[in-house]
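Please go over the structures that come below.
In what follows, chain A forms one complex with chain B and a second complex with chain C.
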Partner chain A sequence: MADAHAVETVDLHKRYEGGSDALRGLTLHVPAGSIFGFLGRNGAGKTTTIKILLGMVRPSAGRATVFGLAADDPAASVEIRRRTAFVSDEKDLYGGMTVAEMIRFTAGFFPRWRDDLEQRYLRTFELPPDRKVKALSRGMRTKLALLLSLSRGAELLVLDEPTAGLDPAMTEEVLQALVGHAAREGMTIFFSSHQIAEVEQIADAVAIIDRGRTVVSGALDDLRENFRRVQLVFDGEAPAAAFEAPGITRVRRSGRVLTVLSTAGAEPILDRARALHAVSMDVVPVTLKEIFLESVTMEE
Partner chain B sequence: MLWYKSWRDTRWRFFVALGVLTLSGTGVVLIYPRVLALVPLVPSSDAGGELGQRIREIAQLSREFRGYIWAQWFRQNVRQEWTVVSALLGTGGLVAQGSTGALFTLSLPVSRNQLVAVRAAAGLAELLIVALTVALLLPIVAPVVGQRYAVTDAVAHALCMFAAGAVFFSLACLLSTSFDDPWRPLLIAVLAAAVLGACETVFRGLQPYSVFAVMSGDVYFRTGHLPWIGILASAGVSAALLFVATVNLARRDF
Partner chain C sequence: MLLRPNPASGVPIYLQLMEQVKHAIETGALRAGEQLPGIRPLAEELVINANTVAKAYRELEHEGVIELRHGAGAFVSANSRPKKATEKLRAGQTVVSDAVRKLRERGVTDDEIRRLFEAELAGVVKTGEPRG
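Entry: the complex of A and B
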């Protein structure tokens, strides 16, 4: 049976030598075939998670699997990397090689290398085959890293801050290439970012992590559906305590006005507000940026 | 393909090593006529003690080209230059931080054991090529000064150099799995060689068992037999160091 999840982590911990905790019980389920946005502030644990999935860092505790294979098992890790493509945030390739050498070198490791995709992306990205990697601009290096990832016939593409340092035009080009490729090839894309707009643009599921823990996770449409801000106006002093319940992430009172943020839709709040004779009720949809900010500040 | 990457990472060090040792070896051969002219003056030297004894021994050995090459080249110059070259070729690594694209390499479907194995094999191949080239240079250049040097002697000494050099190469390889820059492994490996050399000087009885005795091919020069015990011991130490390097790399976070 095919795995429903391309990537899973359960209660994953990572403590680095020196005592800093990068991950503190991270649980994550990345559906196979999805474009999964992995959001978090700088230092939230995104890169550590990715490195654990690819066998570059060993977890201190917990479980991480990719295609159902244990990421911390050396033999399984080789198999994971055979079926996974990775683009690091630094796009750290071999500076001394030319674009053509870099492509030939990488192709040698992947029996399912796709020459047709290689040629397509060479043309699309207008990469100069004879130019040394170290002479490429950051944008061109990103495109080369993508070509090397997209052509290897991988089932999972892992990208760590793929658009970091790119101008808006280049960012758009990269995102479109990713979406187009995912649609054509049906692969899973797992990408970390703190650029909320780009996650919102291409992801169909997200996880927001903070300080090494998942604080919000799910399909983007479900999050948009469930996260609601409700503004209530009462005749007298707003009864803030009456709204403190599971699913209510924040209650702010300002005189007669009460603003309630819910992760369980607006209906339970509206029912409670009617019972308390609210004179005005407004339901406002919440953007991913607001969800992100509310999630990480809630943790604080 | 990792071979190709390893070769690209180390090729300049390889060429520098080859160049330096080739020049040094050629120089030793070409100055032989001048050394030979000075040899008759040596018995008149009244320098006493260890230094005088050493000068007289070298002068005695230098009456024959084979003895001169062993005393000046394999026993003296090689001991210093080959040690540094061996350590130099062992520094760095396919995933050392100084090596470009370390994360890219780690994301390839190869195990860390393979990374160490390919790096070590490629480096040892370079070491063997340098050893054979500089040794075989002797029979090629010797006729220029009217001398002959046996190819079998050159190959035997190359083997001794390679076996002993592999110890310092492997030590540098091991240190490179702990340090991210190439300089500390080189410095520590050379310092380790200096300490071994000092121990050999202080404890004379250890000299026959020293890695430098294997490197110079002392036994082969004097008896015509390869020092198999020394060669195998060096290979064993080298293998042990590379094994520890593999374990060390396997447990590292990147």
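Entry: the complex of A and C
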């Protein structure tokens, strides 16, 4: 039963009626117990993917599994949703209820409800139990929605843009709660975002998708170690063609200067550059933001 | 004692943490036998992934800097010798000043020397040597 991956998709396709392709071969491997950042521009296919995982949308082709269960099988999907908590961008809350009523109402649906977690997050998030939901600020509402999902005792937490519209202090509070929760409960957190900074801060694995396809994925530390930008200066015209090789995603030439982006470390580039008698070599690490920008523009 | 790592620096967070722990030992902020913060509290305090903290501790144990005692936590190794690191650095300093002096004698400018060092170091980073 224990699966190394909490979520997996293989060559997932989704064509909506009217012919728009939301997903065009999306492959994802989300390790169990990870905090997984799901990055992409608006319209890249993040929300469609989440909907497929939760059985709200059927894929046109390909495979999607959660806990090893097929997401498009109705019986399996019930099981998936029992073990998965989901916070959408539009939080599903009832404005007329107080915070305490909203909590009791939600708890009634979940036999594995954790009173200890409910109390913990009520304190951590400083939520006023007697206030009506409609009188809560946007940040408070997000925290309430998080409390409701974190207290469910779920094995997988799916968050769609969890910090959208929050100020930096509240964002930090939410990230801290997620990091602490994942560590204590050993659960998997799958969150979509276009806030690269927060993904970079708390995720241990990421996927960057663009136009319905995965363009970069893996452990964040591996990406940080393997992505390198190398700037080479030559005596004469820079020999761009010599640097076209596997693992080299981009070569830019500007006169005597050649900038090479590598996904396989800088060593092969430096070797070649030495052989070609480069007069100067500079290697700089590449940030996730740069990886993101390079990846999503690659197919332009 | 440990500071917030900079996630946007491009350097893996676990490496930043490792450097911080080593630095704390070198400066005496952490001493042999002393306990390091637990993985979960530290992850929460620094708002980073607990797996990342665990990885940093594992690597530090592998290098002999700390000891992970089952159930008890992480402790600075009794045989981690911060003085050695200082001596090593001092000896290295002599080599560097010697090299710099010779390069200057050959008319290489300071800017050029800096670039030469950086290019050389960039090659070292790739072979897996930790950055100092």
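Assume the second predicted complex is superposed on the first by the 299 of 300 C-alpha atoms of A that agree within 3 Å, B and C clash if a C-alpha of one lies under 4 Å from a C-alpha of the other, contacts with A are read in each partner's own complex, and residues count from 1 in each chain.
In this text, contacts are C-beta pairs under 8 Å (C-beta built on N, C-alpha and C of every residue); 3 or more make two chains touch, one makes a residue touch a chain.
Keep in mind that what you see is a predicted model, and the values were worked out from it rather than measured.
J.: With the two complexes superposed on chain A, say which partner A:Gly95 touches: chain B (first), chain C (second), both, or neither.
T.: Touch status of A:Gly95: first partner only.
J.: Looking at the overlay, does A:Glu225 come into contact with chain B only (first), chain C only (second), both, or neither?
T.: Only chain C; A:Glu225 stays clear of chain B.
J.: Could you tell me if A:Gly265 is touching chain B, chain C, both of them or neither one (first, second, both, neither)?
T.: Second partner only, chain C.
J.: Given the complex with chain A, which residues does chain C contribute to the contact?
T.: 7-14, 39-40, 43-44, 47-52, 55, 115, 118-119, 122-123, 125-127
J.: Under the stated contact criterion, what part of chain A meets chain C in this complex?
T.: 33-35, 172, 175-176, 179-180, 182-184, 197, 200-204, 220-221, 224-225, 227, 230, 265-267, 270, 280-290
J.: Sort out for me which residues of chain B touch chain A in the complex.
T.: 1, 4-5, 8, 100-104, 106-113, 250-251, 253-254
J.: Per the contact definition, I'd like the list of chain A residues that touch chain B in the complex.
T.: Residue positions touching the partner: 16-17, 51, 54-58, 74-75, 77-79, 81-82, 84-86, 88, 90, 92-97, 105-106, 108-110, 134.
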